[in-house]
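These notes are about the structure you will find just below.
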Amino acid sequence: MLDVLDQVRAGAVSPADAAGRLSDLPYAEVVHAVGSTLIDHHRELRTGVPELVFGSGKTPEQIAAALRELASRAGGALATRIDPARAAALRALVPGVVIHELARIAILGAPPARPAAAPIAVVCAGTSDLPVAEEAALVAEFLGAAVVRVSDVGVAGLHRLLARLDAIRGAAIVIAVAGLEAALPSVLGGLVDRPLIAVPTSVGYGVSLDGLVALGAMLASCALGITVVNIDNGVGAAVAAVRMARLAAHRELPR
Amino acid sequence: MLDVLDQVRAGAVSPADAAGRLSDLPYAEVVHAVGSTLIDHHRELRTGVPELVFGSGKTPEQIAAALRELASRAGGALATRIDPARAAALRALVPGVVIHELARIAILGAPPARPAAAPIAVVCAGTSDLPVAEEAALVAEFLGAAVVRVSDVGVAGLHRLLARLDAIRGAAIVIAVAGLEAALPSVLGGLVDRPLIAVPTSVGYGVSLDGLVALGAMLASCALGITVVNIDNGVGAAVAAVRMARLAAHRELPR
Amino acid sequence: MLDVLDQVRAGAVSPADAAGRLSDLPYAEVVHAVGSTLIDHHRELRTGVPELVFGSGKTPEQIAAALRELASRAGGALATRIDPARAAALRALVPGVVIHELARIAILGAPPARPAAAPIAVVCAGTSDLPVAEEAALVAEFLGAAVVRVSDVGVAGLHRLLARLDAIRGAAIVIAVAGLEAALPSVLGGLVDRPLIAVPTSVGYGVSLDGLVALGAMLASCALGITVVNIDNGVGAAVAAVRMARLAAHRELPR
Amino acid sequence: MLDVLDQVRAGAVSPADAAGRLSDLPYAEVVHAVGSTLIDHHRELRTGVPELVFGSGKTPEQIAAALRELASRAGGALATRIDPARAAALRALVPGVVIHELARIAILGAPPARPAAAPIAVVCAGTSDLPVAEEAALVAEFLGAAVVRVSDVGVAGLHRLLARLDAIRGAAIVIAVAGLEAALPSVLGGLVDRPLIAVPTSVGYGVSLDGLVALGAMLASCALGITVVNIDNGVGAAVAAVRMARLAAHRELPR
Amino acid sequence: MLDVLDQVRAGAVSPADAAGRLSDLPYAEVVHAVGSTLIDHHRELRTGVPELVFGSGKTPEQIAAALRELASRAGGALATRIDPARAAALRALVPGVVIHELARIAILGAPPARPAAAPIAVVCAGTSDLPVAEEAALVAEFLGAAVVRVSDVGVAGLHRLLARLDAIRGAAIVIAVAGLEAALPSVLGGLVDRPLIAVPTSVGYGVSLDGLVALGAMLASCALGITVVNIDNGVGAAVAAVRMARLAAHRELPR
Amino acid sequence: MLDVLDQVRAGAVSPADAAGRLSDLPYAEVVHAVGSTLIDHHRELRTGVPELVFGSGKTPEQIAAALRELASRAGGALATRIDPARAAALRALVPGVVIHELARIAILGAPPARPAAAPIAVVCAGTSDLPVAEEAALVAEFLGAAVVRVSDVGVAGLHRLLARLDAIRGAAIVIAVAGLEAALPSVLGGLVDRPLIAVPTSVGYGVSLDGLVALGAMLASCALGITVVNIDNGVGAAVAAVRMARLAAHRELPR
Amino acid sequence: MLDVLDQVRAGAVSPADAAGRLSDLPYAEVVHAVGSTLIDHHRELRTGVPELVFGSGKTPEQIAAALRELASRAGGALATRIDPARAAALRALVPGVVIHELARIAILGAPPARPAAAPIAVVCAGTSDLPVAEEAALVAEFLGAAVVRVSDVGVAGLHRLLARLDAIRGAAIVIAVAGLEAALPSVLGGLVDRPLIAVPTSVGYGVSLDGLVALGAMLASCALGITVVNIDNGVGAAVAAVRMARLAAHRELPR
Amino acid sequence: MLDVLDQVRAGAVSPADAAGRLSDLPYAEVVHAVGSTLIDHHRELRTGVPELVFGSGKTPEQIAAALRELASRAGGALATRIDPARAAALRALVPGVVIHELARIAILGAPPARPAAAPIAVVCAGTSDLPVAEEAALVAEFLGAAVVRVSDVGVAGLHRLLARLDAIRGAAIVIAVAGLEAALPSVLGGLVDRPLIAVPTSVGYGVSLDGLVALGAMLASCALGITVVNIDNGVGAAVAAVRMARLAAHRELPR
């Protein structure tokens, strides 16, 4: 901002132009049949993470346009919540797009070099939680972090979790994915000293209320220091984890 | 019922009298200033457990009258949810009543001899859950079962629970009392083979919703075979446990 | 655990090996296209009940792999929540699998000999509750208990329930399955002295809220001693009932 | 309305006056310190039932003014939800007011002669439900109906209810008051052929949610033909019952 | 019941037989592939209204069997919640069944003569509420009451309601069917002196919560004396209305 | 109303006729297979806005009949919530109907001249919110207001919003459409001095609860002076905005 | 903003100074014992309405400091949610403060001259809604609008509302305040063509859920064009109404 | 664990002793009048953070005992949720305890030297949110992190936030505390690249639902990478932030 003002003082830029520059530079308008999307190319500079396309509620054409615009500048782009119908349409619309079916993710191009990040463990309570865990893992990798995957270590068989504890402690950040009563992060929270991000899933039925009980249990956990994201929000957990993991890059982590 | 009908056949009782006996014998009416309470002396014969007075929403006079009527026939009576104001009033109204303050329980007289029951473990996750756990323990003892108390073994410090596992396995039935995210029964459910009754408590704040999240987590537990009672319902858990414990009386339990 | 430590003392096992054995022995990893499932063969030793495969949210391939792995060691395996599409796929993938359509259950092989258990009554309020009741009955039988089935005895026609009361009292444990306002367990709870497990169903509409009102009514029941499981959770009720019924095996039950 | 128009045609009333009369005649304005209350003296003509003052959220002065205005024309007036503090204030402000403490009702003067009505049974599940039941009973009597009171006949002791069935069947209309799981109206609904109004109460704790579960259970009842009012709404049940009971006045009711 | 006991006294029936008769006479068991339905032929004697088959959650075969059993004794039978798929199946299974598509009702045979009943008005707020209103109207007619239908008189155009007020006042009982904010019964409640049954519908979106707001608004109505049934519960409203209308049969109603 | 009464006085109209005219003139009955719709042609006179047909829950035939009746008098008519199936049916039933697919709107004919209105800005947070925003824009235009459309200015890229602030301030009224956490109106509310109508959308997942959180956030906004409509209720926002915009017609607005 | 940039160009202000001015000029920091409040003196310029102090959750000292700071620049300041305890403390801390007890409002000094605004009607359904209505009225007057107060015109006595319709139509904007089922705005919405702001109140009990049902009913209203604010949010309704009323200032309103 | 096993091998410890050591060493039992608390001295070794005493639901005696036991080993101890009554009791029971009233925190002794941590910004939306923000700040300082406090920068006055952005960016981790609609983290999330922990507060009324809407809004935020803790959970946010800040210790943070 001071840059622009300096140019005003120097007379190189008029005040009206400066006001314009301050507000309308850093996005690109993608026009649709009705309305348009404003791609925020500036976001990675401000927040360290590029726009990721949220596929739900968008038409395949809108998703395709956003992926192309983002990849055209950054080299690679990623969209989440790509259900089978959207996946099929995207494959037809965007040559070269890669679909990860279980994780419902589409990737176009290759991500650019990004800041170094310490490794992240993605720990998952049950087989039914795998899609959300895999969404988190793929996004973290897209953003430049190495990922350790640990599957099916729910607390009903505690020894399975204890057996993998060393692998988990090898990472700087832990993402714990669980549905049902979501006791996994509470137990993990008493066993590790890493930042721990809990992701509730909608796995369950009846009183699970599509994940609300898992969410509530994670937020009410007796183990202090757990932070939580929305139900099934693997992508949000990954972005948060990467922000943390960059702080820990190039460090020796204590065991 | 066949008894009454046999007397009808024998002419000892008229049909109209029999109809009356079938319906109105086994309770006693206690008249209040407005309305009355029908004490169900027959309940212990039918269900194995006597009426226990639920103190909430009743006046001290109503509670006192019910305790006296019940104790006059059975020898002893018990009331729950006796808050400090009701406790003070009861002490004045009912000489000899014993108040357990933490558990909010009033007992008048001594319970009669009851069927034998195997021992019950009452396991409690945190210090704040003690009032509910103690309500369960006192009611179970009033109904004739021995109780093993295990306090403050929440999952954030798993070793505390593991250290007490032998004591817990020594009982035939386990009651697990927990608030917050209520992960304790899920972990216990994977470690013991006893019937396990989970009691959610209203301990917590914010998203705990006065115990609803603990309740939901227990019902949604990944550990099969846990059954659940209402929030803070120590008395209900105790009655259920005693019914089960009587089935296991005089048996050698496998470890 | 003492076994392993004794071997350490004897020098037969090194400390590092012992640590390994303590944590990673009792499960088998089944690898999927993405992620893996850890089959907990040790669970029956710890909890008396083997892993039962929860079919919802799993692919037919994942279910098939789990059933095969479990049956390969135990002789028989059971999966729940097998909807018609999964049932068709399983029939193709797993020769010899048996599907119970109404109860949505798949069974592979024959269950091994299990500990003796007293008989269990499965009582069901309405015709629409039959699938959940049947899930409970089949699982209880798979786990080794005899089952008494009593159908369509909702409280709107009280005489239907009274007519079956003797059959119900012949069992050691009662499972009561009901939707709508779920008054059945409250009425039963005043008539029998057996442990009573209430299973709310999602039968109903509008204010039933997919079974939440039935669940709430069961938990708030005026009849003390009822314990409750999640909505439509026939399998959980059966596991709990079998744990209790084993305590009552080989006993003469009082009428 | 035709009356007014006839007077217009006859020239006795001008059109502008007529428009005025049609809209502003039938209420009296009672001015408070801030704002005013419009007493609807016309309501009994339109709906058969006079305004009853809802005391909650009103100052004692506002209640007193409304009672006086209503009683000045009709002879008697009634206010509900008069808690102890308001009761004390009303006694000071309104000489001659009669307070029914358990039912939280204030009555000024004597009700006028009202249309004949068949008798109404007010049936109450537990001692804690008595305040709501008594509110219903007193309002029904104020509106001119005879009331049969039946207390403490909850379904946990079914014989207590069956013993009073004849008394209940002697009334034309049944009001059933219950908290907790509120199974009473479902059982009654299968035993009587009278119109049955269910009143949920806020008696209970935890999952009772201040009466929401009782309300839901009543609305979801498997016994067709039950209608329901708001939680603790004894007065509304009474008004509905009186409307029905007037239809049945001077009739022989079938048993 | 006295009848049976008199026969015992006379020696015509043994006590054991009498006990049997008291409990198992008045229903017929219809056996299904899994489980069975107990048809309660006695219900009309006890409650004045026969069993009506609730179609939701039942298979067409179960519905067909119940309709046939009920019609075989009573002459006619009715089932609700018959969606298009069930309707098609029923037409194939039950020759002569009549389907009312909008109201989702199936009727087999002709209803028997029933007690006289005063006329009932079914008033409906919007076009989208017609299916529920028609369910109420058809059931009331099946049970022997004449019905006055008044459509599309929501409060946004108050004059439409006022224009039909005379028709509504001609009935003894009023059923008001409304979704969205459900203001219709509140306005009607201030204009008529008849018993008024409010039926919330699931018409609406967003904050309507599938009819919960309409239900809540009806229960919280400022117009005293409205009673309410479950969301979309036309059949329940009709049964309640018929019970009331029978009390008013053969009477001159005041206008 | 005074008109009719004057005619009575003059003898030109009888009182009975007048009473009739006052109540039944201003609507037209459209009869369906079952029930009928009362088209309120008078509504635009009373409220300034004609009836708009709410398509959800109506059959295509009902919608077609209502559109034709409304357009026959007013020249043009509009229906909302026209999903693809209804759109296809309408196209076949009503020649000349125009469907706006994204906004799910059908328009028949051309709207009549309407009162002047100041311009309205429709501001939309994300691409997925476009259907609701476009519904608002099309209805506002149908009612005679000019619309400024501003798309995809969610608060995660604040500069996008600031860049369009001048365009927004050029309108007299602002409609802000947003899902997820719906922070857009709070930020806008601190930046503009125009009436601001917030429309929550059902865009989101998990804890979004189909728009309930967006709705709650808008209602709880720290920026005073925001008013809110139902979730996805673009049409309601437009009607409210037009009412306001007419007050501002022909005025110079301060910047 | 352009002003500051012009000064930069002219060399009168350095770029660094300009950046400072842009961000830190328009608020004043009021330091408390812990933390501080940033008074936003600039808000009235941006939004047309000054900061109003929300008293709930603040200490009397914090409220006093904010009122003094705001009044020192603007001449007058207003705080809402001043309960009796805060009112007493404020009277001691701030000489000259005026408390409106029913409305829970404190005013210090006299408001400055503000833009002209057309009159606003504040219409209130019941006596218990008066505090919220009066909050709205006082805030609107503080912001410079004339207010027409209409009390106690709930829909249970429709004629009371119709009698005041002319007074309501004399205002440019209508605020409708109602609790319970909140039918008032729906009825009004069909009778007037003004912008209509609905304010739900927490008046009611049981199913009213502290105003949530009133809020839901207003949002789901069948009368298009109603906008809604938070429960009991009189101040928000007033700010919104004043924004609208300024658009209508100095205009002849059509009747 | 390997240490213990090595000692077994060496014969220095018997297997039985080893099993004991593994489970019961690292906690101290504090016995109360009823029940006991198990102080987990080992927790800081496992998780990096010591036990912090949650004061709510505990008696002053229980809190005092826990603080003393913890401080006796670690040098310092901290308790949260110390309301004024508990604070007064603690001052009497524990000489030297320091109470922070606004933050409701009690500290006994001085914390030991802890691992280095990068600075943390605690940003707070409104004056009413200060208690929660201060709880977070004090706990973070107790755990060894420097804290930057930024108060009253809610989004209704965006310039206040922008003016403090540099201070916020100077920290490694950001905690954002907000009630009402909680838009602050969404706006911050688009402006900074640090890990961002959002703390909803119970500030608000009506639809705020004691903080549930703020919680929901934060979880549903359009700004990816925000993680959330329970309502009013300042202490949990601080523990999570410190875990992250330790990863960033001794690093140069990019601006």
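For clarity, chains are labelled A, B, C, D, E, F, G and H in written order, and residue numbers in each chain start from 1.
Operating definition for what follows: contacts are C-beta pairs under 8 Å (C-beta built on N, C-alpha and C of every residue); 3 or more make two chains touch, one makes a residue touch a chain.
Model, not experiment: these values are computed from the prediction.
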- Task: Give the rotation angle, in degrees and rounded to the nearest 5, that superposes the C-alpha atoms of subunit E onto those of its identical copy subunit F.
- Result: 90
- Note on the structure: Across the interface between the identical copies subunit C and subunit E, with over half of residue numbers shared counting as same and under half as different, the residues used are different
- Message: Out of B-D, C-H or D-E, find the interface that copies D-G, where copy means more than half of the contact pairs are identical.
- Response: B-D
- Item | subunit D and subunit H: spacing of chain centres that average the CA atoms, whole Å | 53
- Message: Need the CA-centroid distance for the pair subunit B / subunit H, whole Å please.
- Response: 37
- Item | Between subunit C and subunit B, distance of the C-alpha-averaged centres to the nearest whole Å | 25
- Query: Counting in whole Å, what is the centre-to-centre distance of subunit D and subunit F, each centre being its mean C-alpha position?
  - Reply: 41
- Query: Counting only residues that touch at least 2 other chains, which ones in subunit D make the list?
  - Reply: 43, 156-157, 189-191, 206-208, 212, 215, 219-220, 223, 230, 233
- Can you identify all of the chain pairs that touch? A-B, A-C, A-F, A-G, A-H, B-C, B-D, B-E, B-H, C-D, C-E, C-H, D-E, D-F, D-G, E-F, E-G, F-G, F-H, G-H
- Task: Under the touch definition given earlier, write down the residues of subunit D that touch subunit F in their complex.
- Result: 1-2, 5-6, 8-9, 11, 14-16, 18-19
- Of all residues in subunit A, those that touch subunit F in their complex: 22-27, 32-38, 40, 42-43, 54, 56-58, 62, 66, 200, 202, 210-212, 215, 230-233
- Which bits of subunit E are touching subunit D when the two form their complex? 43, 46-49, 52, 118, 172, 189-197, 215, 219-220, 223-230, 233, 235-237, 239-240, 242-244, 247-248, 251, 253
- Task: Please name which positions on subunit B make contact with subunit H in the complex.
- Result: 102-103, 124, 127-128, 130, 133-134, 149, 151-153, 156-157, 159-160, 162-163, 203, 205-208
- Give every residue of subunit G touching subunit E within the complex, in rising order. 125-126, 154-158, 180-183, 186-187, 189-191, 204, 206-209, 212-223
